[in-house]
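The letters A, B, C and D name the chains in turn, as written, and every chain counts its residues from 1.
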C-alpha cells in the first residue's frame, strides 16, 4: 500500500499546474465575458488555449492506449482533478471534455475503421465536437429498458424516431455528430434491446429544438443541453457502433472512466471552493472580526477538508481497481463514487457560497455555477437512488444465508 | 389555544384560492413565456391579472390599518402562503410583492405627508414599483454598521455616494423610486449612523449598472437584482424618511412582517412542491413500478409533510405574537422562522427536483427557480449564521447565573 | 387561531411548576441513589412524593372524563411537558406514568365493570402498577399481524402461550397485572385476529424471566423491561378486554393519547437539556473563554431552540385535533409527532451531552439516560420507518389522478 | 500509488481472521455472561484466549521496534480493524488493548531502564494492566493547559494532589500502575507545565472512588472508568517519565498511533454492524416482505458501505503518512480521522440498531454497547469541536495573503 503518486503522474501534474497558472486562470474573466456575450459557439479564446495545451503535451490525456496519452485511470485521475478547478476551460482546452471523452473511448474500443477515420480522428484533433443522446423526456431514463426512441432497420438504413433532451453540447453548431441510443428490437431481452448509432448533424428529420436550462444556466459556453427531435431520420447501417443489441453493454463500458473523470473534476472544484472560502473568510469583516474567526465558518472549513480527503481517496482507489481488476471488479466502487462525490462536493460548494454572501450566488464568482454542475450530476447516469439500491442489493447478496446443498 | 382560522381569514382564503384556480395557474405558462422573451419589464399579462385581483377585492392585503386591507399578521399569513404557490405571479397581481410591501409599510408608518402623496399613493394603486437599496458589494452587509454608502448633508440636499447591489426590482424601468440606506454620521454610535432616503429613478449621478444573477437566473420577470452606483446623487432633505440616524430602527421595523410574508410564501412553494412530487411519483415508472412505490421516495414525502406542518405552525405563531405582544416580544420567533423556513423548504424543493429527474432542473418546471429563491433567502437580511448567533445569545442570557446583589 | 393557554391550563401549570421546584428537583439525587442501590422495586421516596402530589390535586391528570381530572388532551399536554423535565419522578409521583396511563385509559373505555373494580380502581389510587405485553422477540412487532402469542379459548378460560419482551415495568414486584396482546383467531382477517386479556401477576405458567437493558440501563427505578414467558397460562374469559378480535382496534385507540404524552415529556426533557447546556456553557472555560463563546456551541443552542418550538407546536396542534375532530382526523399528525419528536429531541440531547464532555455520558447528569429514552422511542409502537411509509401513502392518495367515472 | 496490502500484512490478516473464527467469536457469549456476572476483574475466560493468541504469534502487534512485533502503523492498522469486530475480547486477548498500548509505547520510547524493567516488561507479558489518568472532573480537559492536578517536588519525591475521572481500566484490581498527568510548574509556559509520573496501585492517599458509567454501561469487563482521588500521594522522583515539563509533548506523541488504533477498531465494528444489519434484514419479515426489500433499509446499507470505504481509506492513508513523514507531517490527517470516524461509525451503528428493532438496544446484541463506545470517542482526547477548530486554523493559514517583505 502506497499513497504517493508515481513519477509519470508527478511530471504531468507539474506541467498541468503550470498550464493552469500561466494560461487558464488568467483567461477566466475574458472567457466568461465572451460566453456571456452570447451565441452557442464556444468563446473564441478557446482556440488559442487548445493550441497552447497541445504544444505543452497536455492533449487527450484521458485516452489510454496508443491513440491517446496512454495513461492509466490512476495516472489520469489527479490531472482531471486539476482541470476541474476551472471546469469550463481546462477540460476543453486539453481536449479532455465530456461528452467527447466518452464518445472517443467508445469509438476507440467499439468503432469500425471507417467510423474512427470519419469521427475519432477529427475528435482527437479537436477539430469537431460530439454529443451523446440518451435521456428522453417521456420516460424515467434511469431504467435503460425504458428507452423509447426507435431505431428501425429499413434496407441499408436505420430509421430513427423519438425525442431526446439534455443532450449536452448539442446546441454548439460545431458539434458535428451525435451518438444516439435507441431501441432496435422491442422483443429482445431487456438489456439487448438497445443499440447506438452515429448521426451526423444536419441530416433531414433531425431538429435541435431548444436549449434546456439547469437552474438558470444555459451553459452556452460548452454547447448547452439540447432537446432534439428525430423524425424519420435515416443513417446508413454502417453507422451502427458495435453490434445490434450492444448498446446497453457499450453504455456500461462508457460509464466507469466517465465517473472517475467527473468525480475528480468535482474534487478539483471542491478544492477551489475551499481555497476561495478561506480567502474570503480571511478578508471580510463583520461584527469586529474577520469571518475566519467565526466558529461556524471554521467548522465548515474543517468539515470540507475532511470530506475532500475521503472523497479523493475513494475515487483514486476506484481508478486503481479499474486498472488492476477491471470495471466489473470495481463495480461497487464505481457506484460508490457516484453516490458520494456529487453530494459531498455540493455540500462544500454550498458552504463556500454562504461565506461569500449574496456575491456567491452571482456571476461574479464561479461557485453557484459549479454548484449547479454538482447538483445535476446527482442525476447523470441515473439518480443517486438507483445506484444506492443497486449497491445495497450487492451488499445484501454477500450476506445471504448459505443454501443447503 | 385554538388552531383554526377565524371567519375573515376563511373568507379571504376561499376568495384567494378561487383567484389562483381561475386566473393564476392558467396564466403561468404564458407569463413565463413572456418573461423569457426578454426585457426587464414585467410580462404584459400582469396588467390584466392586477385588474382582476383588484376587482375581486384581493389588493394590498398585506397592509394593516385603514390604507390597506386592515388584516392582522395572523390573518394575512395564510393568504401569503397561497400566493407563494405561484410566487412570480400572485404577489404582484395582488399588489403584495416584495420589496414594495416593505417600502409601503415604511412610508405608511414613517413617511411624511408629502412622501405618502408622491410615492405611497401610486404604490398602493399599483401604478409604480419601488426598490430597496441596502446590500453593498464591498462589505459584509449582515453587520449594518458596515454600511459604507455615504449620505452627506449639503444645504437643502443630501448627496449620496456609494455602490449597492442585489437591489431587487431595480432593473424594471417601471421601478420609479429607491429607498436607499446610507451613512449620515460616521461619528454617531453604531446604530444611529444610518438613515434612509427616497431617490427617484433618473436623477443625475445614479447608474443602474447591471443585473446580478442568482444561480443563473436574471429574474427579469420581477425586475432583476441590480447593481447601482451613486455618484454625487442629490435629493432634497425632504426625501429623508423619518429622522436622521433612524435608518437602523426603520430597517428593524420593516423586518418582522417581511419575514412572515417571505416565510409563508416559501411554505406555499413547499406545498406546491409536495403536490408535484406526489403527482410525478404516481405517474412515472421505473424498474416495473411507479416511483411512488420506492421506499426512499415515500420517505421524502413523509419527511416533507412533517417539516411543512412544523414550519407553518412556527410562522403562524410568530404572526400571532407580533399581533399580540409586538415585534420586540416576537424577536426570538422572528429570527427562528428566518433560520428554519428557508433551509427546510430548500430541502423539500431539492427532493421534489430529484423526483422529477433532469426535468426538475429545467425551465419546464418551477422547482429549480423556487429552489434558487429559497436558497437566496438564506442570505436575505443577513446570513443564517448571524441570526443563529443572536438567538443563541438571547437564550444564554436567560440562563445566566444570578448575580449577587 | 390563538396560541395562548386557557385559564385551567395556566392554573394547573402553575401548580405543577411549584411541585417540581418544591418537591421533585430537590428529590432527584436521593431518588437516583435509592434506584442505584438496587432491587427492582421503586425507590421508597416515591411514596412520599405520590402523597404530596395527590394532596396538591396533581393526580390522574392524564385521564379525561369523570374518573380522572377531566382535562382535554390540549390541557394535559403542557403538564406532561413539565413532568418530562424529571421523567423518572414526576410522572409516577402524579400517577401519570406509562404504561399505567394507557392501561387505565383502556380499562376506562373498554373494561367491564368487574375489570374496572378489580384493576382500574387500584390503579387510579396508585395502589398497584401494571404493564403492557405486546412486543415479541421472534417477529417484527411493527406489523401487528405478526403477533404470534396464542390466546386459545378452552371452556371458561383462555390459555396463553408465547414469549413477550420489553414489557416495561414488569420487573417491579408491585406490578400486579399485565395487559397481554395475543392471537385469538389465526383464520380471521388480519386486523381481527388479536385480542387483549388481563393476566394477574403470579398465575401458574407465567415466568418473568429477566430484565432487558436499553443501552446499559436496566431502568430498575421504574420496573425495568421484562422478558416474559407464557406457558399454558390460564385466565377466565371474563379477563378479555372488550371483544374477541378487538385487540388491534383497542391498541390503535390507546396510541393517540400515548403519543402526545410521550412527545410532550420528550419536549420537557429537551427544555431541560437546553437549560443545562446553557448553564454548562456559561461556566466552563477552555482556551481562554467560556464554552458559551464558541460559535459552534451557540449554533447548537440556537438550533435547539428553533427545533423545540416547532416540535411543541406540532404536538399541541395534534392534541387540539384529537380534541376537536377525534383520533382518526388527527391520524397524520399523530404519526407526524412520532416521526419528528424523538429524533429531534435525541439531536438536542446529543448536543447537550457534547457540551458537558465525558460527564454528560455519565450517571452524574440525567442527559445520557434521557437520550437512551428518546432513542428507544424511535421504536415504540413500531419503528419510524413504518410510520413514515404510512404517512406518505396517505399523502400520495390525496394526489391520485381522478378516476374517470 | 497502490491500494493492496503487502505480504506481511496479508499473512497476519489471515492468522488473525482464523483466530477470530476459531477462538474469539465462539467465546463471545460466555465472555459476556462472565462479565455480567459481575466484579471488576476481567472474565476468567480471557486468560485462555491470551495464551492461545500468544501461541499463535498474535501478541503485542501494535508495538513497533524490537520489543514488539515490529510492524509499521500501516501494517498494524488492518489487524486492529479485525480485532475491532469483537472489541471487548480480541484486543485484550492479543495484548493490544488500550490504554495499555499507549502506556507501553510511552514507556518504550520515553521510559527509563528501571521503569521499563518494572512496568514495560510485565505489561508486554500481559501479567499486569495499566491505566492513564488525564481527564479531570473540574475543568474542560480538552485544553491541556487546564489540568489542575498538582505534582509538587518535595525532596526525592513527587507529591500528587487532585481528582481524575474516566480512568479507563482502573476499577480492575489487576491494573497495577497509573500514568498520571499533572502540573509540575504553574509558572512555566503553558505547554511546559505538565509532567507524567508512574503511580503504583495501593500507594497511600490514592483512592479509586467509583466507576463512571457510559450510557448506563459500567464496562466492568475491561476494568471500568474510575474516578480517582489523589491526596498527598508520594512517589519517588524516579517515577517521572521523561523530563519535567515534557508531559504535553509525550501526550501528543501518544496520540497519533492511538487514534489510528481506535479508528481502525471502530471500522471493524462498522463492518460487523453492516454484516449484522444485512443478515437481520434478510431474515425478518414485516408487511409481507423481508425488511431487506424496504427501500429505506437498502438506502442505509448502501450509505453504510460508502461511508466505511471512505473512512478506512482515510485511516490507512494516515497510518502511511505517519510511517513515511512522521506524526507531525500527518497532523491534519490524525485530526481528520478523529473527526470523521467516530461520527461516521456512530451513524452506521444507529442504523444497524434500527434494523434490529428493540433487540438492537439490548444486551442480546453487541450493537448498543458498540454505539456507546463510538459515541464516547467523540470526546476522547478532546471533543470533536476542538479538533475541527484546530484543523480549520491550519487550513486557513495555508491561504493567508502573502505579507509584503
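The rule is short, and it goes like this: a contact is a pair of C-beta atoms (placed from the backbone, for glycine too) under 8 Å apart; a residue touches a chain by one contact, two chains touch by 3 or more.
The chain lineup, named per UniProt: A, B, C, D = Acyl-CoA dehydrogenase family protein.
What you see is a predicted model; the values in this text were computed from it and never measured.
Visitor: For A-B, find its twin among B-C, C-D or B-D: the pair where over half of the contact pairs carry the same residue numbers.
Guide: It is C-D that repeats the A-B interface.
Visitor: Which pair wins on C-beta contacts, A-C or A-D?
Guide: By the number of C-beta pairs in contact, the winner is A-D.
Visitor: Provide the C-alpha centroid distance between chain A and chain D, rounded to the nearest whole angstrom.
Guide: 42
Visitor: Just the number, please: Cα centre separation of chain A and chain C in whole Å.
Guide: 52
Visitor: Would you mind listing the residues of chain C that make contact with two or more other chains?
Guide: In chain C, the residues touching two or more other chains are 294-299, 385, 388-389.
Visitor: Which of the residues in chain A come into contact with chain D in the complex?
Guide: Within the complex, chain A touches chain D at residues 1-6, 9, 74, 274-275, 278-279, 281-283, 292, 295, 297-299, 301-303, 305-306, 309-311, 313-314, 316-317, 320-321, 324, 332-333, 336, 339-340, 385, 387-389, 391-393, 395-396, 398-401.
Visitor: Residue numbers of chain D touching chain C in their complex, please.
Guide: Interface residues on chain D, with respect to chain C: 135, 137, 139-143, 146, 165-166, 212-218, 284-287, 291, 294, 296-297, 354, 357-359, 361-364, 368-369, 371-372, 375-376, 378-379, 383-386, 388-389.
Visitor: Which residues of chain D touch chain B in their complex?
Guide: Of all residues in chain D, those touching chain B are 294-299.
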